[in-house]
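Both complexes shown next keep subunit A, but they swap its partner, so subunit B is in the first and subunit C is in the second.
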Partner chain A sequence: MTVVIGFEGSANKIGIGIIKDGEVLSNPRRTYITPPGQGFMPSDTARHHRAVILTVLKEALEQAGLKPADIDCVAYTKGPGIGAPLVSVAPVARTVAQLWGKPLLGVNHCIGHIEMGRLITQGNNPTVLYVSGRNTQGGLVIAYSERRYRIFGETIDIAVGNCLDRFARVIKISNDPSPGYNIEQMAKKGTQYVELPYTVKGMDVSFSGILSHIEEASHKMLNSGQCAAEDLCFSLQETVFSMLVEITERAMAHCGSQEVLIVGGVGCNMRLQEMMGVMCKERGAKLFATDERFCIDNGAMIAQAGWEMFRAGQVTELEDSWITQRYRTDEVEVTWRD
Partner chain B sequence: MTRSVSLLVWFTKWPRGGSLSMRSRGSSGAADRRRRKAAAVNMSQETSMALQEFLSQAELIKQGAEARVYRAQFLGKPTILKQRFPKRYRHPLLDEKLTHRRTVQEVRSILRCRRAGISAPVVYFVDYASHCIFLEEIVGSSTVRDYIASTRRSDASEDLGWLAERVGQILARMHDEDVVHGDLTTSNMLLRHGLEDGESELFLIDFGLSYISALPEDKGVDLYVLEKAFLSTHPSTEALFQRLLKSYAAASSKSSAVFKKLDEVRLRGRKRSMVG
Partner chain C sequence: PYFLLSPSTPQLSVYVPFPSPREAAIALRSLSPDREPRKGGISKHLALTGSTLSVRWRADEARILRVSVTSFLDHLALVMETMEMFGPPVAL
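Showing the complex of A and B:
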């Protein structure tokens, strides 16, 4: 029996979760939400996390009905992410690890998503589409091969989530509960398809072109009454999601894979799941997706990746327990799979 | 033979229609335009029916993510038919736009390359209604991917440097023509052997994602896409790829700007900065 606690705070969500042998015992989370038209600033986000982290830690232990002595390992997000929030969470993990006398494990955030996805969906060896707001890795097609999560397709500029979030700011959509969620709701009411730039380069995608186009053109289009904000949301989703489905399909064709797993915040989007489902059906492939508890950054996914790493014999020494803003998924040696 | 003749008959029956004729730029009135449009739609429907019949007799050799590839005889020549089919997950307007654009771009880029003396299959015919391209079949060829893989399997020490140099040269010429391929992989290059003088010919194919651009950034990304595809498909070939780039530099007049951009894109992948 192995119980792992995971600390996640690399962006604007702070979550702490506890996993016991594949069972999620608790997974409380708080989100730092900014007013419409604003993104979240690193120092404010870090301040938010510092204010609530101990409360969330208490909740995690209470909801799981555990005491510190019951924990076997403390996992935390080593990276990638935003510096200030990462730095505000890691010391808490280090401190409790030392206080409770437990080993520490630095986890790659994206691998956290993948391992939680694998746990929840029990997919065999899926092609993974990791879609989030984070610029280092948001819009990634990954497949496992020979002890690495290899990257097959990626965004060559900004992340898909980042593209959506920045568009939301341009037309002042609320950030509560998240800009992406609100774009999705508005898109459902959209009726008119507006043509937007579509950029796939080989197995990679590019979102900066469509973002700059829509940033420039949206005010003009809305003011002239050519289309409604809902139509822009709808058209943006249709375009960027088509791009992601296309590169996923290319990776599947390249690897001969018959399974797809969507992880990351944007993976909550039902339209993306729907489109991926249609593509999979046409190829005879299976689609796996998780719900907002696990798509969105959370502590339990860090705990789950930590569980795998710990059982494979990995440990992070205190002097190696730094954090890093840039941490490529394919840098990690996946010793827990063969 | 009969089938290709019937297809050709439809094509020649309507001199204004079809893919290879020039569109009239006369200042005829709206009624004229409506009549011609109706005729074109009519013709394309009839062509598509003849095409469907033709395809049902052809040999399906591959179904990729985007297109079905058939083999047949057309006008007595071995022909590859590449038909892009609708993707149902896309919004229909987006799907039609993309499919049409890729068909057009593919044909345009092939013609542009061929006119510049770069080896690519001859385009025999295009049906824009069903997005089907009839191309010269490069008989007796294999993809560069298969060639590299089989050569390394049979004789690991064999020097493939000559191949890397040829690829570098052909890409340099293509980029100097301002054609950006958009999907460079070793599966999109064909090698034909067995010519009289023992020489082999290198062809570029699959120009669906291609476009015209003079920007070093676009050419740099083109090479970046190839580098990723090359190194992930053929492990431990970094030195070979370096020879490819050297040969590219020697053959292209604009390579330094392109390589600068290639370095930038590589760096973007390795060290993206976090901006929320």
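Showing the complex of A and C:
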């Protein structure tokens, strides 16, 4: 029996979760939400996390019905992510690991998403689409091969979630519960398709050009009444999601894969799941996705990746436990799989 | 904690007493791994003397010093709160 606690706070969500041999015992989380039109700034986000983290930690233990002595390992997000919040969460993980006399494990955030997706959906060896707001990593097609999560395609500039979030700021919609969720709701009411650039470059995608285009187009078209904000939300989703489905399909063809797993915050989006589902059906492939408890950043996913790593014999020494804003998924040796 | 501020070049030393050497060491090992976000113009050195954690900064400019010190004190406060809530450390 192995019980792992995981700390996640690399963007605007702070979550702490406990996993016991594949069972999620607790997974409390808080989100730092900014007013419409504003993104979250690093130092404010870090301040938010510092203010609530110990409360969330107590909740995680209480909801799991566990004492610190019951924990076998303390896992935390080493990276990638935003420096200030990362650096506010890691010291708490290090402190409790030492107080409780437990080993520490630094986890790659993206691998946390993948391992949680694998646990929940029990897919055999899916092609993974990791879609989130996190830059450098927010539009990644990954396939496992020989002890690495290999990156088959990625965004060459901004993350898809970042593109959506920044458009949400332009049209000043609420960030509660998340800008992406509100774009999705508005998109459902769109009636007009507005043509936007479609930028797939081989195995990779680019979103910054689409963002500049739609920022400019929205000012013109909304002012002149040519279309509604709902139409722009709809058109943006259709465009960026088609691009992601395309590069996922390309990776599947390359790997001969018959399964797709979508992870990351944008993976909550039902339209993306629907479009990916259509492509999968055409290929006779299966689609796996998780719900908002696990798509959105959470502590249990870090605990799950930590569980795998710990059982494979990995440990992070305190001196090596520094956080890093940049941490590619393919840098990690996946010792827990063949 | 008490502070020593040098009037000439931007330097600061902070001394933080803990209930035991072990607890001071826990704080040091929780706070020392992460690098300063700023690459140049600041150096920070943590050390232990008995139950006291000492931190010494040297910086090129006072404002750079201030940013690093403020950030460190925020994290120190959080570590101390954590130790208060979840301590004392288990028997080794």
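By our rule, the second predicted complex is superposed on the first by the 338 of 338 C-alpha atoms of A that agree within 3 Å, B and C clash if a C-alpha of one lies under 4 Å from a C-alpha of the other, contacts with A are read in each partner's own complex, and residues count from 1 in each chain.
Quick note on the criterion: contacts are C-beta pairs under 8 Å (C-beta built on N, C-alpha and C of every residue); 3 or more make two chains touch, one makes a residue touch a chain.
For clarity, every value in this text was computed on a predicted model and none was experimentally measured.
Peer 1: Which partner chains sit in contact with A:318 here, subunit B, subunit C, both or neither? Use first/second/both/neither.
Peer 2: second
Peer 1: Looking at A:184, would you say it contacts subunit B, subunit C, both, or neither? Reply first, second, both or neither.
Peer 2: So A:184 meets neither subunit B nor subunit C here.
Peer 1: In the overlaid three-chain picture, which partner chain does A:96 touch, first (subunit B) or second (subunit C), both, or neither?
Peer 2: Only subunit C; A:96 stays clear of subunit B.
Peer 1: In the superposed arrangement, which partner chain does A:83 touch: subunit B (first), subunit C (second), both, or neither?
Peer 2: Both partners.
Peer 1: Would you sort A:50 into first (subunit B), second (subunit C), both or neither based on which partner it touches?
Peer 2: second
Peer 1: Looking at A:39, would you say it contacts subunit B, subunit C, both, or neither? Reply first, second, both or neither.
Peer 2: Touch partner of A:39: subunit B, not subunit C.
Peer 1: Of the partners subunit B and subunit C, which touch A:275 in the superposed model: first, second, both, neither?
Peer 2: After superposition on chain A, A:275 lies in contact with subunit B alone.
Peer 1: By residue count, which of the two partners contacts subunit A more extensively, subunit B or subunit C?
Peer 2: So, of the two partners, B touches more residues of subunit A.
Peer 1: Which parts of subunit A are touched by subunit B and by subunit C alike?
Peer 2: After superposing on chain A, subunit A residues 83 contact both subunit B and subunit C.
Peer 1: Considering only the defined contacts, which subunit A positions touch subunit B in the complex?
Peer 2: 11-12, 39-42, 80-83, 133-137, 150, 152, 154, 156-157, 162, 193, 195, 198, 200-204, 238-239, 242, 245-246, 249-250, 252-253, 274-276, 278-279, 282, 325-326, 328
Peer 1: If you look only at subunit A, which of its residues touch subunit C in the complex?
Peer 2: 47, 50, 53-54, 57-58, 68-69, 83-84, 87-88, 90-92, 94-96, 98-101, 318-323
Peer 1: Going by the contact rule at the top, pick out the subunit C residues touching subunit A in the complex.
Peer 2: Subunit C reaches subunit A through residues 26-27, 29-35, 37, 74-75, 78-79, 81-83, 85-90, 92.
Peer 1: Show me the residue ranges of subunit B that touch subunit A in the complex, using the header's touch definition.
Peer 2: Touching subunit A from subunit B are residues 64-65, 87-91, 93-94, 97-98, 182-185, 209, 221-222, 224-226, 228-229, 232, 265, 268-276.
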